[in-house]
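First the structure, then my questions, so here it is.
The chains carry the letters A, B and C, assigned in the order they are written, with residues numbered from 1 in each.
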Amino acid sequence: MRIIVVGVPGAGKTSIMEEVSKRVNYKIVNYGDVMLQMAIGKNLVEHRDEMRKLPIEIQRELQEEAAKKIGTMENVIVDTHLTIKTPSGYFPGLPKWILDEIHPDLIVIVEAEPQEIIRRRKNDTSRKRDYETYEEIEEHIMANRYAGFTCSILTGAPLMILQNRDGMLDLAVQKFMEAFK
Amino acid sequence: MRIIVVGVPGAGKTSIMEEVSKRVNYKIVNYGDVMLQMAIGKNLVEHRDEMRKLPIEIQRELQEEAAKKIGTMENVIVDTHLTIKTPSGYFPGLPKWILDEIHPDLIVIVEAEPQEIIRRRKNDTSRKRDYETYEEIEEHIMANRYAGFTCSILTGAPLMILQNRDGMLDLAVQKFMEAFK
Amino acid sequence: MRIIVVGVPGAGKTSIMEEVSKRVNYKIVNYGDVMLQMAIGKNLVEHRDEMRKLPIEIQRELQEEAAKKIGTMENVIVDTHLTIKTPSGYFPGLPKWILDEIHPDLIVIVEAEPQEIIRRRKNDTSRKRDYETYEEIEEHIMANRYAGFTCSILTGAPLMILQNRDGMLDLAVQKFMEAFK
């Protein structure tokens, strides 16, 4: 199975993915990392920071090549985004042609309450994140749901909405594991 | 016209479909029944209960063959589901390739208040249904809306959201009938 | 860039489009006008009012030809609708094949509070509009969001949700301008 896992920053998808990957012996593949490795292999960049500065067409090519590579992998959890907030609005992380290459068997959206997400972001000093209001986070969570159902209809993959509430990681992992039965 | 009618269990789509089909002389076709008849015809199963035990690839083939058959029918109301709740999440009842075969002229989502749906399910002792909370039913109703607009954009068919509130079946049928004018 | 701008009547997309088009020297193209010009050129109609009376297949052909024409234009803001309320439900203004022809670089949804929209519609005596309740307007606004994310995934274009609140047109224009940086 190829499983796509998405969620707004602070929803806590990393903790869930790590626990699930251990239990089912799946590899976690970060979409952005695959793109980066490809760019380095082509001598386009040396560091991650340079990726954003590449011309948009080059970025799209890397995005598609990465999708092709991931589409050949078995038993992987793909760590990526359904929608990415940019100054131009919500950028689709999984447009149709990318989905066609990955052809996932399951899409999992990890969610939490906006209030929990704000708190988690505040406490996570390891990553630099722009401050977002409750309403902005809520809008982003909903945007992922809307986009998620489109992805499901385009690919035929079921869509799991997973609540990752504070102190209830076990429950989230347990629900995720239902997909492997 | 081929009309697809969907709705969460307890929304009351059966009553609406039956009344509308009588008025316009349309045949009601249950998608699951068409799949079952095909499976019986191929000696794959004898009873409905065995359908779920078929390998997923066989189920998908039956789903597609059923769509092809329905796509040739005229003046039918297709009774089916946009999203089906499973342990792996919301399973898409109408993925893109199925929509391409059916090419519906109208998609109707039948809705009711979650509270009404809970009450109707409780009173309907003829069917065995898992208990769902208000929030779960609400999420499912919204999931159908998200999925419904994707189906509309993929097929070009308009999407009608029909409220089937307690004691207001006539109003719902009347609104549905507007599509035939 | 080809930018699609949508919004329910009264959201105030015209004011935003006019200001943005001035600043970036983009042409505003009204989708309905392009269709009308094509219909007039083919001697199908003489006036706009006759458009609705054309057979639906002819309307669809005009819709597609208009999309092809718009798809060749550069630096345009396309004034159109994601969903159009009809007696048959929400009619998709941008079905997949139309999006494929236009291949937009950005989709902007202009929104306002339903209460503001009701007030603006009341004050706008130049256009004849059916009265809609708060709930109906809210549903339509949300319908556009659901449809918008489908369009984004099908085209790869980012989706900007732009709040055009009373007295805050400048802020909306400023946010829109971010897409040109």
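As a convention for this text, contacts are C-beta pairs under 8 Å (C-beta built on N, C-alpha and C of every residue); 3 or more make two chains touch, one makes a residue touch a chain.
Here the structure is a predicted model, which means the values were calculated and not measured.
*Asks:* With touch defined as above, tell me whether subunit B and subunit C contact each other through largely the same residue numbers, more than half shared, or through different ones.
*Replies:* Different-residue interface.
*Asks:* Taking only the C-alpha atoms, how many degrees of rotation bring subunit A onto subunit B, rounded to the nearest 5?
*Replies:* In degrees, rounded to 5: 120.
*Asks:* What whole-Å value do you get for the distance between subunit B and subunit C if each is reduced to the mean of its CA atoms?
*Replies:* Here the centre of subunit C sits 31 Å away from the centre of subunit B.
*Asks:* Can you pull out the residues of subunit B that are in contact with at least two other chains?
*Replies:* 146, 150, 154
*Asks:* So in the complex, the part of subunit A that touches subunit C is made up of which residues?
*Replies:* Spelled out, the residues of subunit A in touch with subunit C are 60, 83, 86-92, 94-97, 99, 139, 142-143, 146-147, 150-151, 154.
*Asks:* Under the stated contact criterion, what part of subunit A meets subunit B in this complex?
*Replies:* 106-108, 145-146, 148-150, 152-161, 178-179, 181
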